[in-house]
Structures are given as structure tokens and as C-alpha cells.
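What follows is a set of structures to go through.
Two complexes come next, and they have one chain in common, subunit A, joined by subunit B in the first and subunit C in the second.
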Partner chain A sequence: MIEINHISFKYPGSKHPVFEDLSFSLESNHIYGLLGKNGMGKSTLLYLISGLLRPESGEILIDGIPSKDRQPVTLRDIFIVPEEYDMPPVTLREFIEMNESFYPHFNIDVLRNCLRDFELPEEPSLKELSMGQKKKIYMSFALASGTRYLLMDEPTNGLDIPSKSLFRKVVTRNLTEDSTLIISTHQVHDLESLLDHIIILDNSQILVNSSVADITSKYTFTFRGAQEMDNVLYAEPSFQGNATISLRKPEEEETTLNLELFFNAATKGKLDY
Partner chain B sequence: MNFNNNKAIYVQMADRLCDEIVSGKYAVHDRIPSVREYAVMLEVNTNTVVKAYDILARDHVVYNKRGLGYFVNEGARDSIIASRKKAFLEETLPELFRQMKLLGINIRDIEDEWLKSKDNPVLGR
Partner chain C sequence: MKTFNIHRFGKVLKWTIYYNKSTLTKITLGFFIAFLAIYLLGTNLFFSSSISSPDRLNSAAGVTFGIFLVFLFLTPSWILSNMKNRKSSLDYLMLPATNLEKFLARIIMVTVFYALCVVVAQIAADLIQWIVSMFRYPVSQTGLISTDILENHYISFDWYAGGFKSCYERGSILVLIWMIWMHSVYTLGGTVFRKCAWIVTSFLLLVLGIIVAWSDFEIALMDEGVIITLMFLVFAGLNYFLSYKIFSRIQLINNRWVNL
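And then the complex of A and B:
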């Protein structure tokens, strides 16, 4: 479990705090979607959770231990895939040799399966790869690391069209039962079907922290014609009519979450969050 | 006929499996894909598949053998068809009648189309 307790954080030299007295927690065994408009602090939050950044006040506990202490027992169970990074000028084999001993649950078969699913060569030289290919390698290593907590910042950014689907397959196939995956993203359509819990960051606060099941229990997402707009909480035009959100009546069947619509409605204050 | 394509994902997945059972892809006592296999195939969260499988087990379409997986139940095909008939009469038909009223179509128009239709078993194509 990840507990974020009253953290405040500001980048050095900046007047504007990113977070002030922020508190919430993340349970295990979920795939979290961390959403928020540009500049709301999604990446910063991931770096704070992983201990790469330290909060000015408050603390983040991972299974009871502050992540800012960067203890080996914590670090061996977290892996973060940042949005951008440089790969060292080594071969993949050398990269694995350098890093696998830090992760006691590292599984070489998972790595090989991921590389094959992503259609990557088995022995690439890391420097020569395109950004998308580097990302796939890094993500394959992340899944192979077997850590309990996996953080990914914009994982589908830069992936070609078939690879977005491959990403979903690779994650569903290789994510273990007791792992927690936190994905920060703008690409809701790429990832909607994977997420079971939604966190929306807005104005330095947690606007929404809810399971998808609770959202689809509370709200109905339907397309309605112009004559059928009664009791609609929020709507956007679409070629199928109006995409709407309304409160679900108990006898109504549940509908599929429209995550983009939900995000817009929540951040515009149209829902009860 | 699909008047409501907003149905929850897990319901759509259960429907999809029911389609495959009715079409004969999975026969009685055949093993259906495991939760994880199905999740990978459709690229969805495994919890969603669990919900779909719970519906199917609850409706006695499949049964679970610990450690082995989920299997098609006897009579599954018949019970799926029976419950779809029920849904047709309780949901599809009232919606059809609502449209007919709105558009001024009467039952005789429907019958004329039915007599001409290639789906009409009487015409026996």
C-alpha cells in the first residue's frame, strides 16, 4: 500500500507549489490511471512516490517505509518508466547484467516474451534504437523486474498504432496478481480498458480517487438524442448524438465508462467530486 | 439487433462468450479461455473478465473446476437462447413499439416486411 500523507512540494526556484498538504492512499492489486491536465503535477507525483524527489513536508510511505529514505527494501520493489530517458551506450544483454541483480523477482522469460510480443530483436544495441523502441525495451524490463509497484509516465506516447494494442496485451499478460500499476497518461483511449481505478489531479488536489466500478455504479454514460436530455449532468456533442453523463437509477443497467467525458465533466465541476 | 451499445464492458464480454457458445464454438464441457487468457485477448483488466465470468457462472452458463478453469455447462445453449428471447420480448419489442408509434408504422407494415424477408423461415431459402 502507498500512503501519501500531507505532502507539500515545490520545485527549487519556483514560486508556485506543486502540492500543498496532499493526502490520499493507493491500495495494492489495481491498475490506476493518473489523469490531469498539463502541468497538474502527474509526473512530479510519480517521482515523489518513487523517492526520486523528496517532499518538503509530509511523507510518502510504501508498505510503511518512507520512500524518500530510498532503502534497498523499498527500491527493489518499485520500478518507474519515465516519459523520456537516455539509454546507456551498451547492449541489452549488458543492460540486463547491470540491473537485474537489483530486482530479486526479475524474470528473464517475461523479458523475452515482452520483447517478442513487441517484435523487438533480442540483442539490440540500445543507443541505435528509435524512441518508441527504447520505450518498449524499458517497459519490457519494467514488467520483467517483478516489482510490486510499477509506475509508468505516458507509456503509450510515441508507440506506433499496433504497439498500443501490444502494450495492453503485454501488461495484461505479464502483470502479476500482487502488483500495482500506476499509469500517468493523457491517452485515455489507449488505456481505458486496462484501468480499474481512476485518480484525477486538478489544481494541486485529488479531485477524483475512485474505482471504475464505483463510477459506473453511480453514473450512466449514454448517447442521447436532442429530445432526451432530461436529468443530464454533463454532455458533449458527438456524431452519435450527445454523449451524456447522468445519475444512474438503481434499476438501470450499468454502462461503460466514457473516461474522456468523465474527465471533462469532473474537472468542470459538473459531478459530485 | 442492438439498441443499447453502451452496456457495461463485462456484460458485453459475457454476451460475446454466449454468442460463441450458441454458435457452437464451445460445446458442452469444453473449456473456455481462462480469465487471464481472455483478458489478454481483449486487452482488458482481468478484474473485468472476472465480473463477466461471475455473471456466466451465476446464470449457470459455465461452471468452474478449481485449478482447471471454466467449462460450458449442460443446457447452456438452451438457457442462453431462452434468456435472449425473454430480453427480446421485454426490451427489444417495447422499443420497437415505441418507434412504431413515433413514426406511425402499424403492425401490418411489419407483417408485410416479415413476409418478404429472407429471415422468414416460411420462405425457406
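And then the complex of A and C:
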């Protein structure tokens, strides 16, 4: 469990606070979507959770241990995939040799599966790979590391269109059962089917912290004509009619979450959160 | 929590060597070229018709040792050179090991392994110099510069002993402690300053040296060899401790010039 307790943070050398008295917790065994507009602190929050940044006040606990201490017992259970990553100047075999022994639950078969699912060769020459391919290898290693907490910052950025759907496949097939995945993204279309919990950051505060199940039990997401706009909380025009959010009535069936619409409605203050 | 685990430390050290292979190669190659140029040009192998005399080898040995010594002093200021950008910092900081293990691995890397690179480069350049001189002066060539370095006892620091004989039978103890202190100062400089650490640290040392030279402070302590030894040791320890504390608190993103 990750507990974020009253943290305040601003970057060294900066006067503008990124977070002030932020508190929430992340339960285990979920796939969290950390959403927010640019500059809302999504990446910063991931770096704070992983202990790469230190809060000015408050604390972040990972299974009860402050993340800022960067203790091995914490670090071997947490893996962060940054938005931009370049492999070190080594071969994949060397990269595995260098790192696998640090992760007690590392599984080479998972790595092979991920590489296969990403349609990469098992022995790629790292020098010849594009940035997107290197990112896929790093994400494959992250999944194979078997850490309990996996943090990914904009994982689909830099991937080509087929790879974005491959990413969902890779995660679904290879994420270990007791792992918690936190994905920071603004590319909601790429990942909405993957997430089971949504956190929306706005103005450095938590605007929404809710499971997908709770959202879909509370709201209905439908396309409506211009004449059927009763009780609509928020709507956006689309080719299929108006994409709408309304409060779900008990007799109504649950609908599939339209994450982009939900995000826009939440950040515009149209929803009750 | 165990702060230091020798098995894990070994893995961190191995990781550091793997990760910095290209840096080690560049240092070795750079020094090899530099030494070779100095040896071939400095010993006049190509420009003089006279044989390479022991004096010339002796001079080359002195230059080699001087370069090695300066490099040895400066290298701790590159303790964070493996964390120049966000990617490499993230790799190192997220490595599942303690801050102490990572800190010590970096100190060993920049002190021992960087020094080994210079030694390897020197030996390789020396061998080539020796082979070239053998062909050019088959009868009277004078040998290896490395042998000259060892034979002339540069590493015993006897040249510094005179001023402290009243307190020590050999001045080398004080020089050794002074070297440790210098190492600790550059280690601290390397962890504090994010850019041009070796220049900033050298400049600050120069300023400190001028201040000490202008005051009576140094002269008063010179006679008390034990006090000055203890003082250097205490300050060296403090420098290493502060460096470690700063290393433990380093953040991935920092817009300042210093890691404080």
C-alpha cells in the first residue's frame, strides 16, 4: 500500500509549489490511471512515490517505509518507467545480467513473453533500436522484474499506433497478480480499457479518486441526439451525436466508461466529486 | 535495515563497471594517446639523432607521475558523473541497494578504476615507447619509463619529508593524510557542485590556501605534527560524511547549481 500523507513539494530552485498538503492512498492489486493536464504534477507525483524526489513536508510510505529513504527493501519492489528512456550502452544480455539479481522476483520467461508480444527479437541489438523500441524493452524488463509497484509515466508516448494496443496486451498478459500498476498519462484513449481506478489531478490537488466500477455505477455514458438532453451533466458533440454523462438511475444498465469525456467533465467542475 | 551488505555492494560495483564501460575505455584511450605523445615526443625519439638518455626517461617518468597525481586528486570530483542526466540518475538512484553502497561504489569507481585506467594506458604507451626505442636505438635503448617511476620512489613521497622530520621519521604519513584530505575535499566538491565541480573545488581550495598562507594559522600548527595530522583526519572524515549525506539526499530533478 502506498500512503501519501500531507505532502508539500516544490522543485529545488523553484518558488512555485507543485503540491501543498496532498494526501491519499493507493491500495494494492489495482491498475491506477493518474490523469491530469500538463503541468499538474503527474510525473512529479510518480518521482515522489519512487523516492527520486523528497517532499518538503509530509511523507510517502510504501508498505510502511518512507520512500525518500530509498532503502533496498523498497527499491527492489518498485520500478519506474520514465516517459523518455534510453538504454545504457550495453547489450540486452548485459543489461539483464546487470540488473536481474537486484530483483528477487525477476522472471526471464516474462521478459521473453513481453519481447515476443511487443514483436521484438529476443536478442535485439540495442544500438540499432529506435527510441520507441528501447522503451518497449525497458517496459518489458519492468514487467519481468516482478516488483509489487510498477510506475509508468506516459508509457504510450513514443510508441507507434500498433504498439499502443500491443502495450495493453503486454500489460494484461504479463502483469503479476499481486502487482500495482500506476500509469500517468494524458492519452486516455490508449489506456482506458486497462485501468480499474482513476485519479485525476487538477491544480495540484486530487480532483477524482475513484474506481472505474464506482464511476460507472454512478454515471451513465451515452450518445444522444439534440432532442434527448434531459438530465445531462456534461456533453460534447461528436460524430455519433452528443457524448453525454448523466447520473445513472437504479434501473439503468451500467455503461462503459468514456474516460476522455469523464476527465473533461471533472476538470470543468461538472461532476459532483 | 542493514546499511551495508558486502554481497550487494559487489553487485553494485559490478553494475557500475558495466554501466561505465565506455567512460573507462575513453579514459584509458585518452591517457594512452596523451602518454604516447609525451613519450615519443618528450624523449625525442623522432626528433633527435642522439640516443634516449636515462635523463630523458627520468623526466618522462616525472611528468607521468605528476599527471597521475593531479588526475588522482581531481577524479573524486567526478563522483556524480554517472548521474549527468535524468535517465542515468534514475538508473542509479533506483538501483535496489543502500545509499552507502552506491556512494562507496562511486568512490571506488572514480578513485581506483579511473586510476587503473591511467596505469593501463601508461603501461601500454610505455611498451610502445620501449619497442619504438628498441628499433631506433637497438644497442643503447634505456628501458621502460614504468621501471624508472618505481625505481625513483616517487610513490614514497620522501621529497616531502624534510619539513616534518621533527615529528615523523618519514614525512610520508603526513603526505598520505594530506592526500586523503584532498581526496575528501574533491569528493565533497563533486557531490555539492552539479557543474564543473573540479574547477569550482580547485578554485575554492586555492582561495582557502591563500587565506591560510596569509594567516599565522598554518605556521602555528606546523610544529605540532600530531595536531595537524588529527585535524586533517577529522576534516577528511567530516568531508566524506557530508558527501555521503548529500548523496543520500540527491533528487532526480534539481534546478540549482548545488545539490543542497
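The rule is simple: the second predicted complex is superposed on the first by the 272 of 273 C-alpha atoms of A that agree within 3 Å, B and C clash if a C-alpha of one lies under 4 Å from a C-alpha of the other, contacts with A are read in each partner's own complex, and residues count from 1 in each chain.
Just so we're on the same page, contacts are C-beta pairs under 8 Å (C-beta built on N, C-alpha and C of every residue); 3 or more make two chains touch, one makes a residue touch a chain.
All values reported here derive from a predicted model rather than from experimental measurement.
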item: Touched partner set for A:31, first subunit B, second subunit C, both or neither; value: first
item: Partner chain in contact with A:253 - subunit B first, subunit C second, else both or neither; value: first
item: Subunit B versus subunit C as contact partner of A:165, first or second or both or neither; value: first
item: Superposition-derived comparison: subunit B or subunit C, residues of subunit A touched; value: C
item: Subunit B versus subunit C as contact partner of A:195, first or second or both or neither; value: first
item: Touching partner for A:64 - first (subunit B), second (subunit C), both, neither; value: neither
item: Which superposed partner A:173 touches (first subunit B, second subunit C, both, neither); value: first
item: Contacts of A:223 with subunit B and subunit C, given as first, second, both or neither; value: first
item: Subunit A residues contacted in one complex by subunit B, in the other by subunit C; value: none
item: Sites on subunit C touched by subunit A in the complex; value: 1, 8, 11, 14-15, 18-19, 21-22, 86-91, 93-99, 248-249, 251-256
item: Subunit B - residues contacting subunit A, complex; value: 4, 6-9, 11-12, 36, 39-40, 42-48
item: Residues of subunit A that touch subunit C when the two form their complex; value: 11-14, 47, 50-54, 70-73, 75-76, 78-80, 82, 84-86, 88-90, 94, 97-99, 101-103
item: For the subunit A and subunit B complex, residues of the former touching the latter; value: 31, 165, 168-169, 172-173, 193-196, 216, 220-223, 253-256
